[in-house]
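Just passing along the structure, written as structure tokens.
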Amino acid sequence: MKSIKETAGKIKRLEIQGATNVAVSAAKALAQDLLDAETPAEAARALDEGVRKLVSARDTEPMLRNGLKYVQSHVPRDWTDRDEFREAVERASAEIQGFFKESKTRIVEIGARRVRDGDTILTHCHSSAVTGTLVEAHNQGRRFRVIQTETRPKYQGRITARELVEAGIDTTMIVDSAARHFMKEIDFVVVGSDAITSEGNVINKIGTSQVALAASEARIPFYVVSTLLKFDPVTIRGRYEAIEERDTGEIWDAPPEGLKIRNPAFDVTRRDYIHGVITEEGVISPHSILEAVHRHYPWILE
Amino acid sequence: MKSIKETAGKIKRLEIQGATNVAVSAAKALAQDLLDAETPAEAARALDEGVRKLVSARDTEPMLRNGLKYVQSHVPRDWTDRDEFREAVERASAEIQGFFKESKTRIVEIGARRVRDGDTILTHCHSSAVTGTLVEAHNQGRRFRVIQTETRPKYQGRITARELVEAGIDTTMIVDSAARHFMKEIDFVVVGSDAITSEGNVINKIGTSQVALAASEARIPFYVVSTLLKFDPVTIRGRYEAIEERDTGEIWDAPPEGLKIRNPAFDVTRRDYIHGVITEEGVISPHSILEAVHRHYPWILE
Amino acid sequence: MKSIKETAGKIKRLEIQGATNVAVSAAKALAQDLLDAETPAEAARALDEGVRKLVSARDTEPMLRNGLKYVQSHVPRDWTDRDEFREAVERASAEIQGFFKESKTRIVEIGARRVRDGDTILTHCHSSAVTGTLVEAHNQGRRFRVIQTETRPKYQGRITARELVEAGIDTTMIVDSAARHFMKEIDFVVVGSDAITSEGNVINKIGTSQVALAASEARIPFYVVSTLLKFDPVTIRGRYEAIEERDTGEIWDAPPEGLKIRNPAFDVTRRDYIHGVITEEGVISPHSILEAVHRHYPWILE
Amino acid sequence: MKSIKETAGKIKRLEIQGATNVAVSAAKALAQDLLDAETPAEAARALDEGVRKLVSARDTEPMLRNGLKYVQSHVPRDWTDRDEFREAVERASAEIQGFFKESKTRIVEIGARRVRDGDTILTHCHSSAVTGTLVEAHNQGRRFRVIQTETRPKYQGRITARELVEAGIDTTMIVDSAARHFMKEIDFVVVGSDAITSEGNVINKIGTSQVALAASEARIPFYVVSTLLKFDPVTIRGRYEAIEERDTGEIWDAPPEGLKIRNPAFDVTRRDYIHGVITEEGVISPHSILEAVHRHYPWILE
Amino acid sequence: MKSIKETAGKIKRLEIQGATNVAVSAAKALAQDLLDAETPAEAARALDEGVRKLVSARDTEPMLRNGLKYVQSHVPRDWTDRDEFREAVERASAEIQGFFKESKTRIVEIGARRVRDGDTILTHCHSSAVTGTLVEAHNQGRRFRVIQTETRPKYQGRITARELVEAGIDTTMIVDSAARHFMKEIDFVVVGSDAITSEGNVINKIGTSQVALAASEARIPFYVVSTLLKFDPVTIRGRYEAIEERDTGEIWDAPPEGLKIRNPAFDVTRRDYIHGVITEEGVISPHSILEAVHRHYPWILE
Amino acid sequence: MKSIKETAGKIKRLEIQGATNVAVSAAKALAQDLLDAETPAEAARALDEGVRKLVSARDTEPMLRNGLKYVQSHVPRDWTDRDEFREAVERASAEIQGFFKESKTRIVEIGARRVRDGDTILTHCHSSAVTGTLVEAHNQGRRFRVIQTETRPKYQGRITARELVEAGIDTTMIVDSAARHFMKEIDFVVVGSDAITSEGNVINKIGTSQVALAASEARIPFYVVSTLLKFDPVTIRGRYEAIEERDTGEIWDAPPEGLKIRNPAFDVTRRDYIHGVITEEGVISPHSILEAVHRHYPWILE
């Protein structure tokens, strides 16, 4: 369980970041330790404890959980031939990594088609799927402007800014509070997602739902780019998606004594505010997410 | 013109801050230099140039302009008896300062009655009328919670936090992006104002309209506490209220080369989002502002 | 203080009902006891205690309070000639009763003009101004339908039903819950009011705001018929209009042990849901109420 | 046809009530009489007339119709071996009853997860799926409040009140008209359903759509708990769901002569007002109902 | 009554068009015939019959009625000195024409300030106040685009188009149905008005309310330019503003037999859809119209 | 390629009109020329060039493209037996024509059930599916009114008017601008469609979205009748549906020099405004379109 422990630690300490990176590393680590198992019992323990450990390293990441579940359910429990077992482990690991990679490629390709010459596009926080989409559209020769929020408290908007400016895209930063003020200039909004629920709602960085509301008020299209692998199956079973509360020092390191601080990392954007979700299936309505998951990754719903 | 120059400088360098402080200092400075004038011609010059200088030190402050206008129109242009002239100057100066002071006392007294035991109140930015109202309600024995945004880029929410915590009020800080996320817990929102237009709209710190929108979406009452002296008469004549753009370094001091930054200081909250305005006349609808100004300060509209 | 005590008792026991009846009786009783006073001191006591007693008999009736205030402020405190004093009392009493009566006549006359042949009109609860308006329109020869709610828990809709059926108007009763279901058939909604606030909101029987919401959703005009004498001046000073909670037995006389029951008598309909208020000034927007009170009954605002 | 006649009679006289009870009894009665049939011709007559009779006993109950249809289509028409035929009848009867029972168990289990400690939940009318869900959550140790309407004209809210109070849940009753007045205190609304249409709309007790509207206005989540077996297949074929009008004496037993009374039993809540439907598939958007029916009970759509 | 008859005829035959032209001509004609009157009786007859005749020539023009009313109430009924009488007539006539002219000058001057460089402005139908405003802004050197609807059935948009193109303004015509399609490009909408009601609603060319709705949906400011002289005092007294139905041949000159055609000339835009009304008082909220009329033309309300 | 060329020409010159006619003719022409092919190479060329030619004759018709795609993918590329090949061509051609015909029959049958006695129905432009539905309902004996817009600039409303009047339906024509004015009288709106996108939006004649907005504002149901064959698969892959701009002479044949004219033929009605889509699957929510296409015509999505 060496790889598992090491990787779980890195995930916890934020040394591994980004939903895809986290999910890929965890799946790899799980597979690595499974390959070392010498008996079915050993393998079973690695599998069950390993998944528990890796999931608890970041418990609001459905893609991480979905990836581990795939390995867990595609690896035999009873085996006699270790080589065959190892082959099954490697295949499962390769398959899930393939899903992660191909889905990203596909949504960037589809998303880029939504960007037109002359557009002004608003984004919030940082999402590699969003910046990937914008850079792809720029590389295909389209010329457009991006306005992006700084995204307090962690300023992930600065990461977005650097990536876009480096790619040569015309980029303007604003404070989070100014999103509504600039909405008149915007052609569409596009953000990433951390999780999608069975009702078709999107969980993303705190402030996303506020931007969505301002877009909706002005009838500006609001798009989410997200692989279907971020669908959270616990929500269909009635659970609420948990909203992580982070360290208050991120907001004010030396607050006056007695002041309380609340620091939720995410908020919920209801499906009513979302024009379309750009997924590996294509541009679909958020209401179609559940069906698309049934079509592409039925094992998530088992 | 010594006082005028000095005060205009301090206002420009933000050494004098807060709409009331700015307006009071400017009116005093103008009066001071008028008192030194020895001839009507000298006085007229001090008056006209003084007003111009002081207004241009902060050109989006209707209360400053209204205060100066009051002095300007209540001081005789033609005079022979310098004592009588000086008396008129002192009277006008005292009167306008009286208006500033009494209106504040009155709105704090009225506003405090809106606070009930057990309420949770959201505020944005810093307004001495808002904190005055809340502290008054607390001093009268009511117990309630305040949630307040940090208010990027200048973190004026921290000033609010300090004042409320020092007064012993239960206070919680959040990032600006989290206003909608916490809206379910709020009983009412209350903010200050920088200017009020003839259509009944309120100009206030960037982000105010976004908070108002989130309140409106959830049907949470949204109140503005503001003296009628912040009514901007240029708006009735068709002009748009100017929105100051401030230094981009407030947002990011070392941005990557090529990144643009936009930093508007204010935004417009339309009357439709405002349940009531707490003024020296009482709690009124924003549509009644123009009538209330006609009743209380008709000289503003001349 | 015989009349005052007697009348206060009857008001408390609901033997005198309806905002106008209550206000008229109280003003008469106050005048009656003032006429009996033999010294200014006696009169002053009757005035101050009488008003207190009468107001506390029904403390959520601004028209009652406004009527008593009128008498209170139009009767001399220092007097030597008892005849002159009695004359002043009778004049004040006659004047306020005149206001009550004329305002009713006027709003019925104006309101009746809003009813067209073929209209279907929805009303909630019982208001003599509403039934007066409808009967007047019917008497003028117009033919229309009325749909009215039963108005739980006290079934005041049955009083409305009887009055309209007796007048020969085509009348249909529904349960309160069915208002939205029938909204498609409605041409306009009309209700009475118990109080109007300085923000332009209307306090009326519980359920009014729900009907207003359903009307607003379908863009059906929603009218309030109300004398300006129902304006509540405490609201402009920041106070909330109190919402009376009535006996729970009105809802269920023999509930299972442990069950809680809540029985608020009124709710608040915000000005945004009100197309027009039919007052003695005419059909105006609810935002104009404060100005109309300034014009017609400035003494209410003193 | 003895059982069929008897059961149809009981359903008509409301001696059998509740969508599930009605559907189960009808399926049982149909099976009973089929078991007695001695020839295919006799069986066919029992089947066709029986279904007609049972359906017409309550013609606005899709679950009743769906249950009978299941038996009808899973029983052979041509048979020679009576034992095999009886076996098929018993299997079909057992299967449909199993669907009714399991779907209820499943939605109660899923729904209970939506209830959090400290929640205040509003419900309208009586639904065994709703009270089952709330009691299950209470039994799992969560502590919450319920506010429930009395539900005129038949006061089914009193049945809800008794069940919840007996289970030890903190319960408050209000009149139907007060739903909007208390909306600020509500964390979510949950109601049952009588039928679901192909557009994703829910037919439920009169007043449901008004509660949904008030919830929507304040952005309070509105949930429906309902088995997919309540899907009405006639709606996909273009028919409107019929709305039963009940006896007017339920509203007023001794109305004045000439008064009309309208007493629709149900209203339509459009999918736009529904956050989620809690079904045997899980918590899904109302737009997904059609797909979920395709997945779980494709025979309903044949 | 020669002038009166002649003018009434021209108004009826649309030889005199445009609210201001109609009102000016009628006031002039009335004055002309009054000047000819040789006795008070003759004058009274000219006055009463004249007003009746002129009003009935176009009975949905409040400005016409207001103008005639002004003359009617400012001319003495009892007189002995004919010269004095004639002087009074000429003064009243000159005054009302002065009001018409000055109000137009003033609203064009104020309205022009709302136009900024780079704006795209949408207008519907033809209004000389609107084209006057736009041409004034253009003459002051601002450069902007106008999109204007063709305005079926009479194509008044073509008159607008000609005036704007002749003035050198960048102008684009669209069909009425395309207003929403182009709304994203619009900075503000501006239209004229035929009448303003006591509730603050605006009556204008059919289609105006549809454009206002599309603007409101996208939160695009919607302005009305209108003199307060278009306030219709019958509305405050409860009357509905009449909506003229015009000849169906305007829509289709040779329709198939049996086809009905409806051709209302105006529709009602409610105050909720109007950001501001540009009047001789300045830019005000539509809710302030009644107060502004009280301030400027109190005689309209008598 | 004779048939292909001829048909493409007719489509271009609008000699063949209406989505179904265009699609049928193109499929027939393609089949015709394929039947003449003597070698696989010849057939392949006819297929590829033919499709290109026919598609480019009207490039915003998904039904045309879907039909050609069906033939293209159901005809073998490699063949040796010409008779078998010709048989395959004829089968594919017959099948796609069958789909076109049966889907129309089915939606007319389903749609007609939505029409009730006494309804007033609004329609915009001309759609044979809409008039088919209305005539079918009329033929079944239901009596209702239709209000239909004239539909500038091409007056297709006149075609609708003629068809309905000839069928004996009570029909009223209005200008496009009057749709909102008459909305109060409408029971439901029904329109056709040119294309449906993967997000569930409908592309139809310019003005459709404006009618939908007015219906939505008044909560009037808005239905679209459309075969699923109008689903445009390029939209799921991220492309925007193109909006054709037509000749400006359609709007004004002799405009003043310098006037610009814009003439978009279609606009987009978002799924939020659509109550239901009447398709060959039945009446479904627009969010279900994608799933219904998967069920009925999976080859469209390949």
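Labels A, B, C, D, E and F are assigned to the chains in the order they are written; within every chain, residues are numbered from 1.
FYI, a contact is a pair of C-beta atoms (placed from the backbone, for glycine too) under 8 Å apart; a residue touches a chain by one contact, two chains touch by 3 or more.
Treat the numbers as computed from the prediction; the structure is a model and nothing was measured.
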Shortest path length from chain A to chain E (each step joins two touching chains): 1
Partner chains that chain B and chain F have in common: A, C, D, E
Numbering shared by both copies at the chain F-chain A contact, with half separating same from different: different
E-F, A-F or A-E - pair sharing over half of the C-D contact pairs: E-F
Computed distance of Cα centres, chain E from chain D, in Å: 58
Euclidean distance of C-alpha centroids - chain A vs chain D, Å: 39
Chain centre separation in whole Å, for chain B relative to chain A (CA means): 43
Multi-chain contact residues (two or more partners), chain B: 217, 272, 287, 291
Pairs of chains in contact (touch as defined earlier), listed by label: A-B, A-D, A-E, A-F, B-C, B-D, B-E, C-D, C-E, C-F, D-F, E-F
Interfacial residue positions of chain A with respect to chain E in the complex: 217-219
Residue numbers on chain A that touch chain F, as the complex places them: 109-114, 116, 272, 275-276, 278, 281-285, 287-288, 291, 295
Complex interface listing, chain E residues touching chain C: 198-200, 235-240, 270-272, 287, 290-291, 294
Residues on chain D engaged by chain C in the complex (per definition of touch): 147, 149-153, 158, 161-162, 165-166, 170-182, 206-207, 209-210, 213-214, 217, 251-252, 255-264, 267
